[in-house]
Structure formats: structure tokens, C-alpha cells
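Next come two complexes built around subunit A: one with subunit B, the other with subunit C.
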Partner chain A sequence: QVSELVQFLLVKDQKKIPIKRADMLKNIIREYRDAYSEIVKRADRTLQAVFGLQLVEIDTKRHIYILINNLPRPEGQHLCRDKEKEKMGLLLVILSFIFMKGNSVKDSALWEFLHLLRVYPGKQHSVFGDVRKLVTEEFVRQKYLETTAIPLTDPPEFKYQWGPRAEKETSKKDVLNFVAKMQSKDPTFWASQYSEAEANK
Partner chain B sequence: NAVMAAQMTDAHRRFLQVLMSNGITEGSEARKLHQHCCETDKVYYAQDKLDDFISTINSHLQPLFMQIRKGLSEDDGTAHYAVVNLAETEVTKMASDYTEIELELFRKTMDLIIVSENGFASSTDILNLADQLKTKKMKKKEAEQVLKGFVEDKWLSEKNGEYTLHTRCIIEMEQYILSNYQDVARKCNICHSLAIQSQVCESCGIGMHLPCVRKYFRGQTERRCPKCNEFWSCDTP
Partner chain C sequence: ENREAMLNSKSNRLTEALEEANRLFDGVCRAREAALDAQFLVIASNIGKEKANELHSEMSAFDSTAFAEDLLTFMGINRTEVEETDDSEDVPGAFLPSDAWRTMGEEASKYFRRAPTFHYMMGSFKSEPPAPKQRIERQKKAGRGKAEQAMPAQLKKMEESHQEATEKEVERILRILQTHFENDPNTPISFFDFVMDPNSFARTVENVFHVSFLIRDGLAKIKLDEDELPIIEPIKPSEGGEEDSRAGVRNQVVISLDQREWK
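Presenting the complex of A and B:
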């Protein structure tokens, strides 16, 4: 049973789809429902010991889980477990922007920022393809970004924040160090972000 | 047994993660990765001991019915590595990446390839299949795109408008193919692995991989079938 659950989780995680507890119960555990929490615990232990992945609950109300990479991240390899290095690079830039701007940005501000990087919502990008879809759908679905509607706006505007996967897979400190490196400055240059990053460890 | 007792280190885990996300990894890349992982996680790097390194991982994957498997390319005999699921009863790895109708097209394409003489199916034949799918008819344009996707993801490889199974597919699905296509799937007479592309003896019908044929006939003045001893009729480029 543990091995079946481990494989189920690995397959779901391949697509970075968050896993609902209901799916785990339905698909795998069937006759063993009473032993559910023990099976999940063992599956987590196996994932950590063999794959260096950890099962983390990101929504305790609706019982939703993701697998995060437990392996120490060498310099400059943030969030990169797979070959989608370019997408992760773009994501890191977006997360940095959001953090530096006080943890929340309006969608119009985000797109203005991406304009500077020659990334446009309306245009197919040579590496990222449909960028609007990537940012507003894929990154949100994978829980890297969270988007909420800003009330009383017409036409509706949205704000972007870090999603639970981003919170678990990277840290404000890592992101600030990235920004500092890009701009050849010391992280302490941004006093309020620096103290927030230190407090957040 | 010293290998069985060996512990998994972060280097092993990192290697496994990358292998899983690559789908298929070529031999020299795997060796470089072995070195990179040992250096990154500060684990002792035993040069040229990739197989031992992999055995350690495999001993821990075994209770999960998974394995890092080595397969040889049918084109040039180079080694490739893939993480396979030994308990597979169907094409479950692909199941998470493709829709029901795409999977049906793949299965039918695989049928064509395995049943064929030379291990290839022409794009015309495959596109005709698209018309007869049970799930829902697929237009030719769409089928072309789906085929392209299979090639990009390394389930199929394409040569001159014809398609065969990619080394990745063969490594991952060898068990599935051998059990589900028992009467039709051919095994190489030399290495005894599944042979999709093979040269066949005209007299007795045994098949061999092209790289295996080359190796077998190296240094032999007369090219004769290892089973029936008749002259080997196929050319070996």
C-alpha cells in the first residue's frame, strides 16, 4: 500500500498538481482506510529517504498536499528540480518583484514590470509561449502564485502574492539574495526587506 | 553484500530526481550527472563506479517496484538510463501526460510498429488510424500534432516520415510489451532483449538488433545465421 501511494504521489507531482486527501483515499487506500494516517506517514518517510522529497500540507482546511524538494539547494539553483529551468527563472523574477514590492502587486504592475523584460501578455514568447497563460493559470494552479480579485474594481483587477508552494520551496532570504546579486548590492541595502527576510527564516 | 547495505545520500537522491525528470538519460550524461551530484552534495565520488551508485539506489527502489534500468539504443547500441515502474500493467507513465484519445492513438501506433516487419510505421498508416479511433475521431492535423508531441517526449522517434519506438519507450515498456504482445514481439537472438527494429533471418526467422548483428559478425569472414547457419541475407550498414 505504501509503495502504491508513493507512486501515485510521484505521478501527480510530476505535473506539480496539488494532491487532495480525498484523491489519496479514493485511489489507493480503499480497504485500509483506518490505517490511512500511518500509510501516509510511511509514504512521506520513504519519499524523503529515497527521493529527497517531502509531503507538505498547504491547506489544512481542505487537506491539500504538495511534494517539495528537500535537497539542499546549491547556489543559484532556486526552485529547479526539472528541466524547466527557464520557466523557473521567470517565476523567480516574478516572486522577487512581488516580495520587493511588499508581498503583493496589482496585475497591471506585474505586466508593466514584465514589459521591461520584453515579456508581453499578448505576444507568444519564444521560450515561454503563452505567457499570460503561464503566469495566470499554470503558476497559479501549481500554487507558486496566488491571485485574488481586488474588490470594487471595474473592470475587475487582481493582485498577485506568493503561493503556498513558493513559500515552502524557497525563502524570502533566498529571493533577496538573488535580487542583491542581480543588482550587485548587499542585501542590507533594502532595509525593510532585509529585516523581513531575516525574521521569516 | 557491501552494495545492498549502502546508504542513500543526497547525491543519490539528486541523481534519482534528475533521472526521473529527464525521462531518459544518455550514458555519458549519466556519468557527468553522477560526478555533479557527488560534488554538489559533498559525497565521495568513485569515478567509473556509476553502476554501483545506481545499484545502491535500486536496492532502495526495489520495495517500491521501481528500478533504474539500462537499455541500449537499437540504432547505435549506446547505453541509456530510465526510471521504470516494474508493477505496470498498462502505460501508466504516459497516462498522466496524455488524454484518453491520445493514449488510444499511441496504443494503436504501437500495435502497428510491433507487428511490422522492420519496426516502423509510416505516418500515412498512423494518420489513417486516427480516423478509426473508438474514443472519438481525430482529425489528421490534430494527429500530426499529437505525433509530434510523442516524438518530443521521446516515446516515439521519427526517421524519414516513419515512426518507431524511442529507446525510452522500449526501456520503460519492455515488460508491458513482452507480456501483452507475447506472440508478436520479437526478442534478439544475441542479447535476448526486446527487439523492435531487427534484422530477420530469411530461412529460420530469428531476429537480431542491428548493433548486436554488427558485434556478432565483427571479424567473421562468412556471415551466417547463428541458429540455422544459412547465409545472412541482410546488409549491415
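Presenting the complex of A and C:
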């Protein structure tokens, strides 16, 4: 059961869409329901020992999980494919913007910012294609971003925040360090963001 | 309306609006007006909340424009060259290289603890991510499901090969017939001689079966000779076409042959 679950999780993780406990039960665990937590625990141990990955529950109410990397980030070139890397680049930029602007931004503000980077919602991007779809659908589905409607707005507006996967895969401190590096400043330059990042550890 | 104006932290528009609403409320004596006032209050409080949010981030003066500029610099933008692009909305006069986002991505991967996506080394059947998942799911349909799935697949295969074999056989027999006739064009072949296999009844039946295809398709014909015994001969292509279209006669002959007779 355990190895089947491990395989199941690895494959499900390919699209980076979070895994529901219900799916795990239905497809793999089935009749061993009672041993569920034990099986999951062992699967997590295997993932950590063999692959250096960790199974993390990002929604304790609805029992949704993701896989994250447990290993320290190595320096130097990674072997991953370009498309993934480029998306992560865009994502990091978006997450930084959201954090530095107080953890929540309006969609209009976000697109205004991306405009400066030659990324437009209405226009096909040479690298990202349909950017609007990437940001509002893919990143949201993968739980990197969270979007909520702003009440009483007409036409309806949305705001963006960090999603639970972002919270687990990176940290405010890391992101602040990124911003500081880009702007060649010390992270303490932004006092309130810095204290928030420190507190968040 | 005027939402943006109210949000501006430097403006007191929101306060002014609230004060005016207060004043107006004194004159209210109808429920509808009171409802409008309540609605206004909700909107005002939302705006107030937004303003408060904006206030917080302004405290640490994050300049997003400067940040964007720094990002572009990092991605390798070339501000000296003027490039002819079709980006009409673009800020003209700066060239962003094609690997700009790859550069950004390289840097970004250092900040994420992202699990590398899992792929089978040897590839899956059609090298598409859904395929491995299906494989797993099929395994879990313990035994029974799998057996059922295997059977239709097998049967189908047999059927296919059977059909092919038949066609091949028919062709083979036609060729034999034709060769025979080439060698000896004026002697028709006794039908029975043609189909009989002295060693196997089953084979004989098969031969009859295959010959029937030839007849059906108009590639051979069976006639009765002087002795009322059937003979078979191939139809020359030219002949066949004309005859068929004109006469369109099809005769059915039932020949019975059982094992005893055959012997």
C-alpha cells in the first residue's frame, strides 16, 4: 500500500495540483481505511528518505496535500525544464509584489505592475502565452496564489494573496531577500516588511 | 464612483462624504432612504478598510516602479539599443532579450522548495503524464477488472487476424486458379478437384469457403459441365465487368458435402 501511495503521490504531483485525501482513499487505500494515517505517515517517511520530499497538509479542514522539497537548495544549475523555470520566475516576481505591498493586492494593481515588465493580460506573451490564464487559473489551482472577490465592486474586482503552497515552498524572508538583492539594498531598508518576515519564521 | 479619489490617502474625501451622509440622514423619513444610507455606510467602510491597508504598505515606501526597473535590469534589458518591435503599448527604445525570463527563473528556483516533477525514466506508453496514472489505477482494479479488459482485447485481435488470414487465403486460391488456367487455358478445373483436400475434411470446407468469396466478388465462376458437375474458372477482368453489370445474375448453388461423401 505504502509504495503504491508513494507512486500515486509522485504522479499526481506532476501538475502541481494539490492532492485530496478523498482521492488517496479511493484510489489506493480503499479497504485499508483504518490504517490510513499509518500508511500516509509511512509514505511521507519514504518520500523523505528516498526522494527528499515532504508531504504537507495545506488544508486541515478539507485534507489537501502537496509535495515540497526537503533538501537544501543546491547552488548551480538545475536540470529542470525551461518552461517550469520561467513560470517560477514570473511567480516569484508576483509573490514579491504582493508581499511588499502588504500581502494583498488588487488585480488592477498587479496587472499595472506586470505591465512594466512587458507582461499584459490581454496579449499573448512570447514566453508565457496566455498570461491571464496562467496567473488567474494555473497559479491559483496550484495554490501558489489565492484570489478573492472584493465585495460590492462593479465590475467585480479581485484581490490576490499568497496561496498555501507559496507559504510552504518559500517564505517572506526569502522573498524579501530576493527584493533586496534585486534592488541592491539591505532587507532592513523596508522596516515593516522586514519585521513581518522575521516574525513569520 | 470616485473610489480611487477616496482611496488616496492624502484626501479627506471619504471623511467629507461620511459627514454629508450624516447630515442628509436627518432629513430621512422613508425606509427606502434609510436603506440607501445603510448601503452607503457599507461601501464607505469598505473603502475605509482599503485605505487602512494602503496606509500600512506606504509606511515602508516600496517603490514598485523602481523594483520593476531593477528586475528588467537583472533580466538583461538593453536600454541603449532601439529595437523595432510591434509592441505599440510598449515603452520603446529598450530591448528585452529572449532569455530574460529564463534568467529570472534560474534565480527564482533558489527561493522555492519545489518538488521536482516525477517522470518515469523509461517513459510511459505514449510518453504523456496521464498514462502512468491510468496504469496505476488499472492495477488497483484487482484481478477481475483486468481479466475482463484483457479478454476483449484478445478476442478483437484474433478477429482481426482472422479476417486478414481469410483475405490472404482467398487471394492465394485465386492465384492458384489463375496460374492453372494460364498453363492450360482450355481445361476447366473440376470444382471438387480444386477444393478437395484429400487429407483434411476441415481444410476442404475452408477451401470451399474461400472459393465462395471469389465467386461473390466476381473473380471466378462456377459452371456446370456436360456431366452436370461443377467446374470452376477464373474470370478475366474485362469479361467480368461487362457481364456483371448487364446480367447481374446470381445463382445460388447449394452443395452439400459431409464427411462421409468426402471420404
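The rule is simple: the second predicted complex is superposed on the first by the 191 of 201 C-alpha atoms of A that agree within 3 Å, B and C clash if a C-alpha of one lies under 4 Å from a C-alpha of the other, contacts with A are read in each partner's own complex, and residues count from 1 in each chain.
To be clear about the criterion, a contact is a pair of C-beta atoms (placed from the backbone, for glycine too) under 8 Å apart; a residue touches a chain by one contact, two chains touch by 3 or more.
Owing to the predicted nature of the structure, the values given are computational and were not obtained by experimental measurement.
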Should A:3 be classified as contacting the first partner (subunit B), the second (subunit C), both, or neither? first
Just to be sure I read the superposition right, which of the two partners does A:19 touch: subunit B = first, subunit C = second, or both, or neither? neither
Considering only the touch criterion stated at the top, classify A:11 as touching first (subunit B), second (subunit C), both, or neither. both
A:85 in the overlay: touching subunit B, subunit C, both, or neither? Say first, second, both or neither. second
Which partner does A:69 reach: the first (subunit B), the second (subunit C), both, or neither? both
Which of the two partners, first being subunit B and second being subunit C, lies in contact with A:49: first, second, both, or neither? first
Considering only the touch criterion stated at the top, classify A:98 as touching first (subunit B), second (subunit C), both, or neither. neither
Looking at A:134 after the superposition, I want to know if it touches subunit B, subunit C, both of them or none. Which is it: first, second, both, neither? neither
Overlap of subunit B and subunit C contacts on subunit A, residues 7, 10-12, 14-15, 51, 53, 69-70, 82
In the complex of these two chains, what residues of subunit A are touching subunit C? 4, 7-8, 10-16, 27-28, 30, 51, 53, 67-70, 73, 75, 77-78, 80, 82, 84-93, 96-97, 100-102, 104, 113, 116-118, 120, 123, 126-128, 150-152, 168-170, 174-175, 177-179, 182-184, 190-193
Tell me, which parts of subunit A touch subunit B in their complex? 3, 6-7, 10-12, 14-15, 46, 49-53, 69-72, 74, 81-83
Subunit B residues touching subunit A in their complex are 8, 10, 13-14, 16-17, 20-22, 40-41, 57, 60-61, 63-66, 85, 87, 92-93, 95-97
Under the touch definition given earlier, write down the residues of subunit C that touch subunit A in their complex. 42-43, 46, 53-54, 56-57, 59-62, 64-72, 74, 87, 89-90, 96, 98, 101-119, 129, 132-133, 136-137, 139-140
